[in-house]
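Several structures are given next for inspection.
Presented sequentially are two complexes of chain A, the first with chain B as partner and the second with chain C.
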Partner chain A sequence: MIARRSRPFMRRGSAALTGILPFIALFAAWALLPALAGIPEFKLPSPGKVLNTFTNMMADGSLMAHVWASLQRLAAGYLLGNLIAIPLGLAIALNRAVSETLTPVLSFFQSIAGIAWVPLAIIWFGVGKGSVLFVIANTIFFASIYSTVIGVRTIPRVLFRASLSHGASRWDIISNVVIPGAMVQILVGLRTSMAYGWRALVAGEMIAGTDGVGYMTLEAVQWYQAEIVILGMIVIGVLWLLMDALLFTPIERVTVRRWGMVR
Partner chain B sequence: MTDSVAIHLRPRTLWISRAQRRGTAGILAVLLLWQISVWIIDLPPYFYPAPRDVLAAFGELIRNGILIEYLADSSWRYAVSVGTGLSLGIIFGLLIGLSGFWSRLLGSIIRFFYAIVEVAWIPLLVIWIGYGFPTILIAISYVVFFPVLYNTLTGVQTIQPVLINAVRTLGASRFQVLTSVILPAALPNIMTGLRVGAGFAFRGLIFAEMIAAGSGLGFLIFDGASTRQTDRVVVGMIMMGLLWLLMDRLLLRPIERATIERWGLVRAQGGES
Partner chain C sequence: MNTAALTGGTPKISIRDMTLVHVNEERRQSNVAVENLTLDIMENEFLCVVGPSGCGKSTLLSAIAGFMQPQTGTVTMNGERITKPGADRGVVFQEYALLPWKTVLDNVALGLKFRGVPRADREAKAMEYIAMARLTEAAKKYPHELSGGMRQRAAVARTLANTPEIMMMDEPFAAVDAQTRLSLQEELLRVWNDNPITVLFITHSVEEAVFLADRVAVLTPGPGKLREIVEIDIPRNARHWDTITSDPEFIALRDRVMALVRDQNG
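Let's turn to the complex of A and B:
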């Protein structure tokens, strides 16, 4: 009933191999289905056509231009949002009165952060880079600050009292209790804000963008270029997997080791 | 930090807590700042509407019944889609999680599809099935399905075998093992999945309604902007925030608390290995 734990010697290799099978099946279905079921090319283009579009767009550099535009924007929004959110979140959470006053406001703004701001952003900044950047930074800021505030507030009070009774200064408390104590939640915030920011980026580009992978994907719908739509989806999936593997898996591994990852 | 002692000494005569009073003050302060910024910025209401304009738009939308209709549409779409995604996620999570072979087979493809965010599916769905509820249903249940599936899988795979063996020695059938051990043990994980999915799904719904619907809060926000009725946009955003907070407080948190209270302890005791 439970995943069997026998045969460890061949497990890794065979697991990787087994994992590829569904992709092959999916690919075969994709290649054969349009012909068998009579699905028109504009609805489901063949893998060959998508591959062709991919090589064409790689050759003329337009695909990389879109990817680069999206990643740059995401990085800018991510840095901007987090660099303001984390210090501000720590500062807010340090004072009980301030954090109690702001918690409902923050949780309200956190719940509307992101896509809902796109139309307003278009009115304020016009269609283009400014709007999308505003939406991403806004999403990331609120996701991250909320997490940071919660992180500080859930530190057991006894830790503060213990360090105070040992004569810790305010700065000692910040560096030895608050930051390490909130670190897990801050990292959670860094991660969730990336996930929300990524969605906001794709959605924002679709509605308010003039370039980027999101723009590329929705723009193609108007011309019924399903091959670009599918290419865009694959690019979006692969980019997320890459970011996840390169950025977050290492961070998580380090924190799990360092902080014994809680609970 | 040091005033916590005082709290315990103060008699609890007030019917709202100090945190709630402070929170209300915070909300009022934001409204006040908004009004002041309107006076300072002094731009036409379509660019930067004042609280008064938004209140007027709210009254109008209530009177002609649009807001209620849109709220009902959005909530209904959300409930049906999240329910579909949740049940499918649990079913497939259990099916796949209970077999080592299936989880090895499907693990990577699930991860791949999880990475293609629901937002990216909407253009293709529009090409395939056009605008309307089916597109929204698929996109939103998609975004709930994958985190629930993924977490159910993890929950099932981290159950202590000794628990299952124990019930089996007592003569439990396969079905009994499922309902009395596996499902309860996986429940906290399922809830985590639901929480993640529900948050993404709500924003996803707003986006899907902007692109693929003719009603709902997302449509209200989007349509308000394209017709330069910015006050309506703001009404839509505020309603969206309130709707989410309401669902979070009345639905998600109670469920979460119930599962943690009911099963959390059991898990903590059995979690030592």
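Let's turn to the complex of A and C:
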């Protein structure tokens, strides 16, 4: 029992170690290349300079203010987008009329989802929070909805039949078969839509924002402060890694992994 | 049970001149799977349906379960038309069809949950059937942690715990290894002796059918029609694999059913 438990743990531990190697390589290249290849500091600031910027911006609170503004916006867009996408995805997968009505119009808008809406969003909502939220929610909606649809459609028919022949009502089917059966894909949608949401957030803030990590990096470009741009990119990447590790991976572990639906 | 079947008894399920057609709308095709079938399933009998693969056995089960409607003819239970699936007709599938996200206990308690039985009551009742299926140790496990044989025992327990009027089984032991299959067949008969219930058991194995059944219905190759019904009057206490294969009565019946199945193939 002990041996069986410790093995996956060790594997996870060594996977985390190997996963760090590329970061070390990248960091080494970043530290050494400018001197070797003669890249000027204003184009690629040294790690030390970025670290310096980080401590300064932490001290004056400006970094946290931008990060906090972005996170709030992301959370709002994420909730809004997924709260529409998941129920609508279920409806499309379960009801033929809904599917036939909505599939063409969704395909049409899917191709122009996300930052393609920034110009119109600015006209509608002005530069600021409203526009960015609209763009994020829009991106997240399209990044999530089809996962739910596929998740439901790939549930084996025999599970529906078995439940019906044991007396399931329509609601029993939805709560006992459809939602858990589509969970692998719903989680894929929740995860990918978060990643796409980040990108839309940063892009949206660059064009239509007044604060946030994206706005911070674009503002820095005007003063050639590449160290702030790089800091912003690192912050975004680290926040995403944290969310993945602290939010999605644990949810997966107590659901689909436990059920043997993913390995 | 045999006598009830022989003397007529009451039919639990009555099928009259039933034709079943699969319609594929996308390809604008229709496929006659069962044609003009007339068959009664008696109360508390163990009826096996045999026939070659593709002859319409699963389709027949689908109609009784209410998953599809006959094109012509009727299918009734206790004299009432079957129009949709329901808890009174439990199905055990070849693929087990346990919900992967529920433990054995929750799977076996599923039908009781759907019918609104409070948690404590349904879990107590489910545990009885789990014990009967010799799965007590595995009650808290998820299906993916079980062997094929254990999964199918759980599926049978799930259906019986829901006390349907008929249990239908569609090639339930086809996916397990030969050794496990023999013991599952014997166990099924033990459980059925303790829980008298109407059983429709579908298989393509003649030996399995003759071993289990009160009566064996032989279907013709697709579209399925009823070829013949063979009474299996081997006593229930003689249904053990270690002795039955040398029983002349078993051998004779098996050869007869085999001949009926093969006759139409060759």
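The rule is short, and it goes like this: the second predicted complex is superposed on the first by the 213 of 263 C-alpha atoms of A that agree within 3 Å, B and C clash if a C-alpha of one lies under 4 Å from a C-alpha of the other, contacts with A are read in each partner's own complex, and residues count from 1 in each chain.
Note that a contact is a pair of C-beta atoms (placed from the backbone, for glycine too) under 8 Å apart; a residue touches a chain by one contact, two chains touch by 3 or more.
Note that the coordinates shown come from a computational prediction; the quantities given were computed from them, not determined experimentally.
Asks: Which of the two partners, first being chain B and second being chain C, lies in contact with A:Leu79: first, second, both, or neither?
Replies: Touch partners of A:Leu79: none, neither chain B nor chain C.
Asks: Looking at A:Leu120, would you say it contacts chain B, chain C, both, or neither? Reply first, second, both or neither.
Replies: A:Leu120 contacts chain B only, not chain C.
Asks: Quick check on the superposed pair: does A:Ile251 touch chain B, chain C, both, or neither? Answer first, second, both or neither.
Replies: neither
Asks: Let me test your reading of the model: by the given contact rule, A:Thr18 touches which partner, first (chain B), second (chain C), both or neither?
Replies: The first partner, chain B, only.
Asks: Answer with first, second, both or neither: which of chain B and chain C does A:Leu26 touch in the superposed model?
Replies: It touches chain B, and chain C stays clear.
Asks: Looking only at chain A, is it chain B or chain C that touches more of its residues?
Replies: Tallying touched residues of chain A, the top partner is B.
Asks: Is A:Val177 touching anything from chain B or chain C once the two structures are fitted on A? First, second, both or neither.
Replies: second
Asks: Quick one: is A:Gly214 in contact with chain B, with chain C, with both, or with neither? Answer first, second, both or neither.
Replies: First partner only, chain B.
Asks: Which partner chains sit in contact with A:Pro156 here, chain B, chain C, both or neither? Use first/second/both/neither.
Replies: second
Asks: Quick one: is A:Glu100 in contact with chain B, with chain C, with both, or with neither? Answer first, second, both or neither.
Replies: In the superposition, A:Glu100 touches chain B alone.
Asks: Both chain B and chain C contact which residues of chain A?
Replies: Shared contact residues on chain A (touching chain B in one complex, chain C in the other): 164.
Asks: Show which residues of chain A lie in contact with chain C when the two form their complex.
Replies: Touch list, chain A to chain C: 156, 158-159, 161-169, 172, 176-177, 180-181, 183, 255, 258-261.
Asks: Residue numbers of chain C touching chain A in their complex, please.
Replies: Against chain A, the touching part of chain C is residues 65-67, 84-87, 89-91, 93, 95, 97-102, 110-111, 113-115, 142-145, 155, 158-159, 162, 168.
Asks: Which residues of chain A touch chain B in their complex?
Replies: 1-4, 14-15, 18-23, 26, 42-43, 94, 96-97, 100-105, 107-109, 111-112, 114-120, 122-124, 157, 160, 164, 195-196, 198-200, 202-203, 206-207, 214, 217-218, 220-221, 224, 226, 229-230, 232-234, 236-238, 240-241, 244
Asks: Contact residues on chain B for chain A in the complex?
Replies: Checking each residue of chain B against chain A gives 1, 3-4, 18-19, 22-27, 29-30, 46-47, 97-101, 103-109, 111-113, 115-124, 126-128, 157, 159, 161, 164, 174, 177, 200, 202-204, 206-207, 210-211, 218, 221-222, 224-226, 228, 230, 233-234, 236-238, 240-242, 244-245, 248.
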